[in-house]
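Look for chain A in each of the two complexes below; its partner is chain B in the first and chain C in the second.
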Partner chain A sequence: MEAINTQDIATNDLAWKIEYIPERCTLCGSCVAACTFAAIAFVRVDLPHKKTKLLIRQEPSLAHCCVGCGVCEKLCPSQAIRPIANPHSRQHLLTSCSGPARRGGRSNLQRQRTVDALLVGRISQMTDPSLDAERHTFDIKAPLGRILSPDKLPLQRIGDTLTITGKTPPVRWIYPLLFSDMSIGALSTHAWEAIALAVAYLNEVCHIPVRMSSGEGGMPMKLITSDKLKYMILQIASGHFGWDRIIRTIPHMPCDPAGILIKIGQGAKPGDGGLLPESKVEHHIQHIRGVPKTTLHSPPNHQGLYSIEEAVQKMHLSLHAAFGFRVPVAIKCAASSTSVAVYNNLLRDPYNICGGFFLDGVQGGTGAANTVSLDHTGHPIASTLRDCYRAAVAQGLQGQIPLWVGGGIGMTGQAAADAFKLICLGANGVFIGKLLIQLLGCVGNEYGRCNQCSTGQCPTGICTQDYRLMMRLDIDKGAEAIVNYVLTFDSELRKLMAPVGNSSLPVGRADALISTDAAIAKQLGIQYAC
Partner chain B sequence: MRTIHTSTKNQRISTQELLTSIREAVEQGECDFVIEAQGQHDIPGPLWNSQGKALHITVRNPGQRVGAMMLPGTNVLVEGSAPADVGWLNAGGTLIVKGDVGDTAGHCAASGTIYIGGRAGARSGSLMKHDPLYKAPELWILKHTGSFSFEFFSGGYAVVCGCDCEQGSVLGDRPCVGMVGGVVYVRGSVGDIPQDLALLPLDHNDQAFLNEGLDRFLRAVDEKHRAPLLKDWEVWHKIVPAPKQELVRPSVAQYRKASWIPGGLFADIVADSGIHAPILGTGLHRLRIPVWENESNTCLDCHKCALTCPRNAIERTQDTTLTYTADPATCIGCGLCQAVCPNHIWRLTDAPPLVEHLPGEKGRCVMDNR
Partner chain C sequence: MCRIGAIKSTVPVKPKLALKLMLPQQEGHDSSGFAMVMQDLYGVFADSKEKPLLSMACTARGVQRINEYMDRHGFVQLAQWVPDVVHDQALALQAMPRYVFRTYEYPEIYQYRSQKAREDLLLDTRLALRALLAEEDDGYVYSFWPDVLTLKEIGDPAAIATYFRLWDDDCRLVAKNIVVQCRQNTNYAIVRYAAHPFFLQGYTLCANGENTFFTKNREFQIPLHRGYMGFESDSQTLLYSLHYVLHERQWPIQYFKHIITPLPYEEIQHKNDAPLLMLLRETLANLEINGPNTLIGMLPDGTMINCCDAKKLRPIVIGKTPSCVVISSEVCGINAVIPQRDVGTDIYPTERELITITNDLEITRWKQ
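Take a look at the complex of A and B:
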């Protein structure tokens, strides 16, 4: 018999245990064949009297640990196998013995979201009748671009008509739900295409002007040389991946992109950069990003930027100029205690070119980050947003640089409620990322299920460059789920706008909100109710 | 016949005093009234004669809700105009207003008839409905209505004759929103109506209904001279709920075939672009592949692998040498053969990257050609 030592890893040390009922097992092999993590295998056990028995065994190994994705359970014809979370897990400890643990997904520390302590508490009834959510015509649009204050508008009264006498910054009025920032590389080509397809469908069939931020992983040439480019916000981050090709393609673009988003930081791992290991730089990634097969670094900072002022000047001015001053340029940072200072600086904006301030909160997702960053860095979005909005109001500059917020939007399934509350706190719109891949079929969650985006072994074909796994994702079905969710989001948003009596988005209408938490109410400057 | 003046010595009597005196008179058998009102509301309200005789009430200068909640047998004639809510919740009476009326005329009327010899205000005819136990309500308007007319209209007949309304919509802006039943007849132009409604020409039944009804209506409001003009059916339409039509969107798959970038976003890089396969695959789609490695020639030829394989994928051949192979067409790579083999001859290996097997010219980008 093989000697077992106390330090040897047992399945009871792992975060997920396989519950297996041999009496039900038909030995069909589906679960073992489909497990991307090779966490289970057939074994033959010898019984007395030279008899043998075939069983499925969980691998007692960190390299092949079960992650709880549940593909085995999904495929099992007889409910003989399933993963269950192990409350006695020592996995995090054991993993840390071989260097910092990395994972994807979101924080597992279960921080409560501020929006969950808010209610839409001011309901129009007698004095200001509520609207009819089904039949009223709502104006559900948010700006992307620099809005000039009325006194700065180049308008002149000539006779009885107002005439525009000068240029105004480009502004796009788009849907307040933006699909955000997941690169080709972080996502499989199938997943990325499914999201892009859903965007085009929502625009062209449903007439909902949803826009998608590309993430920084290069752009498919077939997309940026097509008229669907108008739905895309091109992201530029510190690695500038794919940007030489985007620049070379400018002469061939049939239309302008919807915007440019300069990514400075990310809510899930503020102050941390990104890295795509050489092993995952598959040939199609090389071609999309325009890189050789090598490890790709996105440093935590833009190497060429030293100050907020310079960021505004260099990045905004240059990208604005590159696209003929016709495309709004916005900037995205992780929410931070310093966000208000940054926003105040942006508000000074002497060139009238900052087309939006995107703030990403602590509950934002990521394809890969050190677990310690995911669990212990970041800043809640609600008070950051509120402080920025109130800083602008104090200067009479609200609405001039649109505020877009994200990070955990739709975490409890109802993105419309989250969006509505954050809009009432001062946001012009919200952006979602993780929610989109969950709609595509991602099974990851905040309770430690899967979250293997960093390993390339994604069982749903979303965060992987392995074509064998990618093909598991049905692009049409995935896009259909996103489309249907957005249509539900749209009607739910109306259901919240109608009772407060707003035909257009209630940006900054914090009087519509109450909080059942006194500290939150005080910090956000809204009514406390109990 | 009783005439009630509502002021004595410059003192206006209250609505309560007026309505109470009308009710008392009705109880005493009076059936005909002329009321010189001064804005008293709800004239006359629900009234009835115990012997079922008809009541006739002529009113000048009424307040709001004249003709509201009328019972069958009550006939109210307003000489001149009336303010808001005329005929509100009409339960079977007849109201004639010779002039214009304010907002929400006929609101929630469920039976009876309302004739208006002028214009009607906003939200007129809203929520009219037809109680199936009784005759359907009717609302006739000589001229035009304000905006948001006939909202949530669910039963009965509304007729808007469009007189003196040469410009703009006869029904104001956003008419008939939420209308689910009944018929709105309209003469003249109508603005946009919701997509779930239909604007149709009149058929013979419609013409017969209007032909007879217009005579009654025009006689009631002293506008008989307009009959020839109004009976030109070519300029009439009716608005009714459209036959229920499921708004069918194309599926995303249909949209992709018709309107998406041909071949998909990545077709220039990988020929796969867009192929979908189920979780469990055979052939190239297997994650792992069993290999029969009988190098040490220790295979017992016991057939256990072939007998245990859930897919019957293992074939045994013996030409010159003994060989077991797993048929890629059916093998899923579960490794049961490896587990069952007494001499460990089967080995489950990781499948090579699928991209090596994809068809097409790999790595070609559009930019490479420029």
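Take a look at the complex of A and C:
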């Protein structure tokens, strides 16, 4: 009997197998040269009669496993090679033997979505007219900033007019689709630039006031000191990366940023903190962030903040003060069973200083996280959002701290439908991240494809700092794809607003929704239909 | 669909003029009801204009319970109008056993209290009476306010008028202001409280439309004021917004229009008072109405107002003569009431206008 070592790895132990058809292969070598994971290689195979043949073979190796990115298939001129998901994979088990596994992308277990069980069911028919999505005008904007209750407005009646007699918190009215926080570092400079370029184009050519969050990683000096800064929301997280330079640049900023976003947690990996592996901390990232070449951990909590009151007083107030109380300061938390308690505290704070509550659901993406966090921690967004909104309604405070939600928006490709349904449940707007990089060409998904954002070997040049890989991403074409998607989003949003007869966003208009799932209908307080 | 109308006259007019205004518009409504609010009363209540007038429809037991409540709380009954109804089975209406239209003297202690205290007393009393009657389904209280009378009933408006003898020339109900609506059927149940005009502390409002932001409006209004209740109709929120802006916040009337149909963001930026308009829009976003609507309002001082939704999806027209102004969903109603007028002076308000009509019939067209 042939001897065998049972600990040896075979390709059938891996999550992805390479299907190779030698008869079609021209041995051009493109696939081998393009595979950033070195998962395939040329091998010379001995044939009878002392003949040999050159073939392409998948490496039976955990270190060089195929991730299913499909770059080989994309490049192959003769369709001779492609990855196939392997249902018999032991890869998860085997990789856990060498410490906690890490990856990027979305949860691969939590794929069920509440919004898919919702329908826009209150259609205007006969009793009131639907609007015309093509010909009527629509007013599609959402607030970012603290909104006061009417009895707190500093207004004085003089004759037949009202006059503002005091200061009110800064509020920006922006598009209800916000480009979420993905840092320079997590993203390649090319990818980040493509998104920023799309934002500028959407604002200045399409007149759609989309805003972009910088992510925790600082900003390029050219952007901080340009008037495009007004489209940017600066993020500060527990690592404070990049903020030394931002603070020093404040006197030189030609305009105010759109907002400040304090990141407490992230839906994809709540309680896990931020993580930028050393492999991605290249020279330019060190420069922007002001750090040496090392793995960068943002702690899971903000050091020095021990209570929500402190968070309000220290971070909100100091950031407000830094920008002369002209810039709204919002906070982003991972959705949690405790979200309502946090929101209540923010609503009741005596300073009226929190300008937005960003809730990130379990289906959000990330650049790097422990796999166990990605797959087993987090909270669905729909019921969290609804509970927060209803908690505000119960106190008569709805709308005062705008609710922005994200995490899995556009997972099916139709972000407008997701946004509309979440707005009806009480959101003022939504934010997207993973969807943006998918528009740039990211092939990662929630079925285990690729998700190698943490390795620095991103085959699409999006989540890497390797210049050779970055060159695979055409910045202009990437920006164009994002712009076109947002234009479609805008058009589709109108097509959802028109049938329910609304020309402005139906925030909290849950009566426009029905659910075909009785449990979901009950939990969200909407009509059940079957 | 509702049809709404109003008559504002320098001389007191009878309800039959309001019927004359509404019946030609019958094709536009379903003849399922008739409701009107009369203000600045003459005739039977001419001598007790300062005294609160209770308007309600109830059972005999309901009357008894109301009497006991009013006695217990120190109200003393003054004038009363008991309609001499026509008992005819052929009349298509669902009459209540009793109709009460009475003025009361304030409780003695309130003779010396402020106007606001009295207003609060009248509201609290109406709400208490409403709750009292609701306990055992004994009837409905529509208004309790000086110089204001409300009549509502389910059925064919012409039959209702016959039942109450509103067609008679010697009808003792007369007023300088009448706001009227012909439809009792809501999109849901047929409920008397759902019939507009609605009334709250001197403010009257009726509307023709669908308020698609009803849920948002309602959720925002409930904690604002104890009088913001019921919500049997999606149009009630419009009355509460009117009351909130003018009575609670004491803001000028044009801001009511700015709040229920705010200007688009882009247009606001070009206004001189842009910061104020943005502030109002963001703070009171939950009072915005969306969907088709046109409304007629009447203020405590008798001023009438009219405005429409932001896209002018429901009709309204205003006609006038030297002695009266008539507002109507359809011009055929005005033609029936004041055919002699100069139709060239008819006003068809735009989606941006707020029309106010003062007691001396001066019409102001304010543009947003």
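In this text, the second predicted complex is superposed on the first by the 523 of 530 C-alpha atoms of A that agree within 3 Å, B and C clash if a C-alpha of one lies under 4 Å from a C-alpha of the other, contacts with A are read in each partner's own complex, and residues count from 1 in each chain.
Heads up, the rule we're going with is that a residue touches a chain if its C-beta (ideal position, glycine included) is under 8 Å from a C-beta of that chain, and two chains touch if they have at least 3 such contacts.
Note that the coordinates shown come from a computational prediction; the quantities given were computed from them, not determined experimentally.
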Three-chain arrangement built on chain A, chain B and chain C clash or fit: fit
With the two complexes superposed on chain A, say which partner A:Asn502 touches: chain B (first), chain C (second), both, or neither. second
When both partners are placed on the shared chain, which of chain B and chain C touches more of chain A: B
Which of chain B and chain C A:Asp375 touches, first, second, both or neither: neither
Given the touch rule stated above, what does A:Cys206 touch, chain B (first), chain C (second), both, or neither? first
Does the superposition put A:Thr127 against chain B (first), chain C (second), both, or neither? second
May I ask you to decide whether A:Val483 touches chain B, chain C, both, or neither, giving the answer as first, second, both or neither? first
Touched partner set for A:Glu492, first chain B, second chain C, both or neither: neither
Quick one: classify A:Asp466 as touching chain B (first), chain C (second), both or neither. first
Closest Cα approach between chain B and chain C after superposing, in Å? 6
Chain B and chain C contact sites that coincide on chain A, given as residue numbers: none
In the complex formed with chain B, which residues of chain A make contact? 26-30, 32-36, 38, 41-44, 54, 71, 74-75, 132, 134-135, 189-190, 192-193, 196-198, 200-201, 204-206, 220-223, 225-226, 228, 245, 248-249, 282-284, 286-288, 459, 466-468, 471-477, 479-480, 483
Complex contacts: residues of chain A adjacent to chain C: 124, 127-129, 131, 136-137, 139, 141, 143, 147-151, 153, 155, 157, 159-164, 168, 171, 173, 393, 395-396, 398-399, 500-504, 506-511
Give every residue of chain C touching chain A within the complex, in rising order. 187, 209-210, 212-216, 219-220, 222-224, 249-252, 254-255, 264-265, 273, 275-276, 278-279, 282-286, 288, 290-292, 310-311, 313
Provide the residue numbers of chain B that touch chain A in the complex, in ascending order. 177-178, 194, 249-253, 255-256, 259-261, 263-270, 272-281, 284-288, 308, 310-311, 332-336, 338-340, 351, 353-355, 358, 362-363, 365-367, 370
